[in-house]
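Going in written order, the chains are labelled A, B, C, D and E, and every chain counts its residues from 1.
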Amino acid sequence: MDSFLMGAALFLLVNLGVGLTRLYRGPEPADRVQALLLFTTTTVAMLLLLAHAEGSPALIHVALVFVMLAAIASIAFVQLPHRIPEE
Amino acid sequence: MTAVVPLAATAGLLFAIGLYGMIGRTGLIHRLLGANIMASAIFLFLVVLSTRGIEASADPVPQAMVLTGIVISVCITAFALGLIRYLRVMTGEDELRRSTRDADGQSADD
Amino acid sequence: MSISTVLTIALVVAGCAFFLAGTVGLLRFPDTHSRLHALTKADNLGLGFICAGLAVHGGSVTGALELAFVWALAMMAATVSAFLIARWADWTSDQ
Amino acid sequence: MTDPPPLVMAGHTALLLGPLICGLLVYLLPWPRFRDAAPIVLSAGLLVVLWYLSGEMLGTGPVTLALGGHFAPLGIELHVDALALAMLWLTGLVGLAVNVHITASVNLTERFGPEGFRILWLVLWSALNALFVAADLFNIYVLLELSAITAIALVAVSRGPEAVAAATRYLFFALAGSLFFLLGVALVYAKTGLLALRGLESLQWHGPASVFALGLMTLGLAMKAALFPVHAWLPRAHAIAPSAASALLSALVAKAGVYLVIRLWSGPFDGHWPEFLGQSMAVLGAAGIAYGSIQAIRQSRLKLVIAYSTVAQLGYLLLVLPLASVLAWHGVIYHALSHGLAKAALFLAAGNVIFMVGNDRLESLSRGDHRLAGNAMVMALAGVSLAGLPPSGGFIGKWWLINAALESGQWWWALVVGGGGLLTAAYVFRVLRYAMAEPHPDDGRPDLPVKRLPRRMFWPPMLLALGAIALGFAGQWLVPILALGRPGNIAG
Amino acid sequence: MIPLSPVFDVLLGLGLLWLAWRVVASRGRFTAVVLFMVFGLVMAIAWARLGAPDLALAEAAISAGITGALLLNACKAAYADPGHPQPGGPATPPPSSARRWLVYAICGGLGTALAATMAWLALGRPDVAPELRDAVSGHAVDNPVTVILLDLRGYDTLLEMAVLLMAFLGLRILMGHRDLAGLHPLPEGVPSMADSLVAMATPILLITALYLFWTGTEAPGGAFQAGALLGALGVMYRLTGRIEPLDHTPAALRLGLILGLGVFAGFACLSLIWSDWPLSYPAMATAGVALTIELAMMISIAVTLTLLFSGSAGIRLARAPVQGP
């Protein structure tokens, strides 16, 4: 069972890696931040899986902290000016 | 634990990548991010050192060192971002000039 | 193989499938808005299924509550974030 | 291990935490009078404490202390020997002078300047005291970061884009330096599982890993200390900082980096490095002496001359690595002490020039105004010690270094010391020539009135310069103290 | 069948390397910052894999809550601040190709050497000293990391609190530059939705922080994680305009800023009364004293991080939260 959960976490990691190309390619800043949000959720899911696979309940708190602070990135992001010169 | 060798090697390469960001780029934000990556690389190595297999408990000293290091690096980052921002407002530049002329400013006790 | 194991596997696999769908959407959809659409639904459903699967796996009520809490918070954060980003992106495309 | 008497422990606690707590009080209670008086009272008290501790150490020899009662490998140890004691004295003396000087010199119209300056400096003082007695690698890393961030903030007390640019440049060097140092520490920990210097000294772990770690740590410390190839930040930062801060940075902060290099090379890493590495470190030091001195001769502003002089003078300290004899050890301690006093005096005097004349261009020194004369005297006295002319502390230090070089048959280092002295004399006398020159009769500049110098700004550098000279007479008397706790590779 | 965890670790390492490379090589500032935030996420997974939940917690709170917001704010400042260009020619010319190759050579050589050395050293890492194991396991505080931070290496922690305070005072010195008064990042038009999210998140964050603080003595967590989480709450408040910047530091804030350092330093001096050494805990009340120090540190960390983000001399609660469109 643990190795199944580990496998699921591995799948999510690969998933994240594939998604990174969007983050890198953009083109809009909004796309990059969206990708960041997707990665936050993925990371949370991976942490939950690892918490059960490795029997380390503290990792659930880590996931909780990420979830609670996920909004900070988007709130800070939407305060950027709408024209970002370099992108 | 199996994570030891790949992650230790990763730490070494990460440090070099961060160093590239720090000395190979001119934009100050990029250089600062490079420094942060260098710090993360060292932290990663220290945590790899702290692992001790499944049955034995980890060595707490490197973990405490990393916790201290994380807080210090966030402090330095905040201070550096402040300096970078003031530098930009005052000179309109995001990088340090590589000029060799004498600093012509006045010190504060004039 | 007990029924809870089967259920866990099914739920976690479903969750992973949703994450995969989210990533495919992120990569393949043509513009920012449709990507946003795809994302917020897919990844939060995925997280929900994984939480459910792990709750079954853990088998304790407090553990399940904790997972439900994580999921609920994630939903809230995702809703607000999607709204904010969509509005921001709208502004950009209007200009 | 016998515990030291409680009073010794209390004295060291006062040295480590006294300035810091004083800084916190100043921050909490920012009344101008308290703000001015508290650091002066504190520094006087700490000098008394140092006097007591020196007396005790003469009886007991070097002391090892454990914070929280946890000796290595559990906790953090402190180690106080003659070199550390000399640096503590230097910090105390320069600190007292600076504390008096800033009551008149740091710009009072700034909103946060006077207060912020004091807090930063007091915490920096704590960090320096702790660095000089530190005997734990990770502790040294944290202290390096603390001293760097306060030092950079002190540079940023000056206003204007040049000051912010200098502070930013300093920050990036310091950041890279501390990361390299921390990387070295991590490698040491990976190899030995130890952080305490005492534990490392007694462990046999020679090998490529230890040389690699030593190299990384030395590179990091060199960046902090602005040793020759990685010195680019120092002149600008030290020239633009408020002069009181420049005095601290040049006399103490930069020196702390070299101090740690010597500590590591001669303490826990003694015998790990092949002979040629020691020689090449000294070659870098010699290159620094040549480069710094030549740059100092070429500058047109007083503070830049003094700042480049720091790059040069720090190079001498590295000569102890290849020489490694009792005489060289004493010479290096002596040089560090007298350079610290003289350099602090010079920077404070430069601050006085800026205060009186409004800028620090060398031509401004030749005003022929009697108010500048006293200050020129300070610069002359400090310059004599810096150039190593008898009778001064600088002379004794260089004399011992030359003798040590000749004794060990490495005559080329004697040439370096002598040549460096000549170059130093060249830039010192160049400055003095401006100071002594009659103003050119048809010099078109409108002479602004020279401001009168308050006594609180005149006497601190004067006494520091006199101290640097007086060291020249105290050589024989100080030798028994200098002999306490030499590292293992310095044969007795 | 190949065991899964080595595959996971290798992929994790490759992911970290790729991310780091993209961060330093990306052209745009904003892209680099977002990539760096993802780097923080993946780093937290690495901590989780390496059995360091204390660090994963700290990394989560600091990278998602503080550093990310700080960096995005820096981007904003870079785009928004007009800047007064100085005369004096163009900025740095692009580096020559010789210099570029030199940089590549240095980084490549150092990277290879370090990777080999580190892998070799990590395989042969020494055992934990038995006296350390005894000291940690026999301690009144159960969480080993907390034991190290507060007792065995308490001096480092004290100095780290000083670094925090000095970072703020350094910024404060910069703010003292009169000619630039009023250079604060002001939130503009915060939508009410974000505000209500923050309103809902407040009690949850507070409870989680207090929980982490409380369990810190026996389980992963402690003053740093709790303080960073509260600091992140402060960042949220600042971002949504619930906290306003001030141009001076009120006395209460000053007290909050120095509380952790002051209590720790005061304790170090006081401990000379009951022991020969500074910073040693009284035998009877170790846990209680440790908890008091941690509480003071948590408050200071939270206040300092909020102020560091705010980039202003002081803060106060806004009378009426900003209600945007």
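Keep in mind that, in the parts below, a contact is a pair of C-beta atoms (placed from the backbone, for glycine too) under 8 Å apart; a residue touches a chain by one contact, two chains touch by 3 or more.
The model shown is predicted, which means the values in this text are computed figures rather than measured ones.
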Fewest hops from chain A to chain B - one hop per pair of touching chains: 2
Reaching chain D from chain B through chains that touch each other, fewest steps: 1
Chain located farthest away, centre of chain C as origin (C-alpha): D
Interchain centroid distance [CA atoms averaged], chain C/chain D, Å: 58
Chain B and chain E: spacing of chain centres that average the CA atoms, whole Å: 12
Separation of chain C from chain E, taking each centre as the mean of its C-alpha atoms, in whole Å: 28
Euclidean distance of C-alpha centroids - chain B vs chain C, Å: 33
Residue list for chain E, restricted to those that touch at least two other chains: 3, 5, 12, 26, 29, 49, 51, 54, 73, 75, 86, 113-114, 117-118, 121-122, 125, 128, 132, 153, 156, 160, 163, 166-167, 170, 174, 177, 191, 194, 197, 204
Multi-chain contact sites of chain D, meaning residues that touch two or more partners: 110, 113, 138, 142, 145, 149, 152-153, 156-157, 159, 161, 164, 183, 190, 193
Contacts with 2+ other chains: residues of chain A: 16, 33, 35, 64, 68, 70-71, 73, 75, 77-78, 83
Complete list of chain pairs which touch one another: A-C, A-E, B-D, B-E, C-E, D-E
Residue ranges of chain B touching chain D (in the complex, touch as defined): 15, 22-23, 28, 31, 35, 38-39, 42, 45-46, 49, 59, 61-62, 65, 68-69, 72, 75-76, 79-80, 83-84, 86-87, 90-91, 96-97, 102-110
Chain E - residues contacting chain B, complex: 3, 5-6, 9-10, 12-14, 16-17, 20-21, 23-24, 26, 29, 32-33, 36, 39, 43, 46-47, 49-52, 54-55, 58-59, 62, 66-67, 70-71, 73-75, 77-78, 81-86, 88, 91-92, 95, 100, 103-104, 106-108, 110-119, 121-123, 125, 128, 132, 136, 144-145, 147-149, 153, 156-157, 160, 163-164, 166-167, 170-171, 174, 177, 180, 183, 224, 228, 301, 305, 308-309, 311
Of chain E, residues touching chain D in the complex: 86, 113-114, 117-118, 120-122, 125-129, 131-132, 135, 151-156, 159-160, 162-163, 165-167, 169-170, 172-179, 251, 254-255, 257-258, 261-262, 265-266, 268-269, 272, 275-281, 313
Residue numbers on chain C that touch chain A, as the complex places them: 5, 8-9, 12-13, 15-16, 19-20, 22-23, 26-27, 32, 35-36, 39-40, 43-44, 46-47, 50-51, 54, 57-58, 63, 66-67, 69-70, 73-74, 77-78, 80-82, 84-85, 87-89, 91-92, 95
List of chain C residues in touch with chain E within their complex: 73, 76-77, 80, 83-84, 87
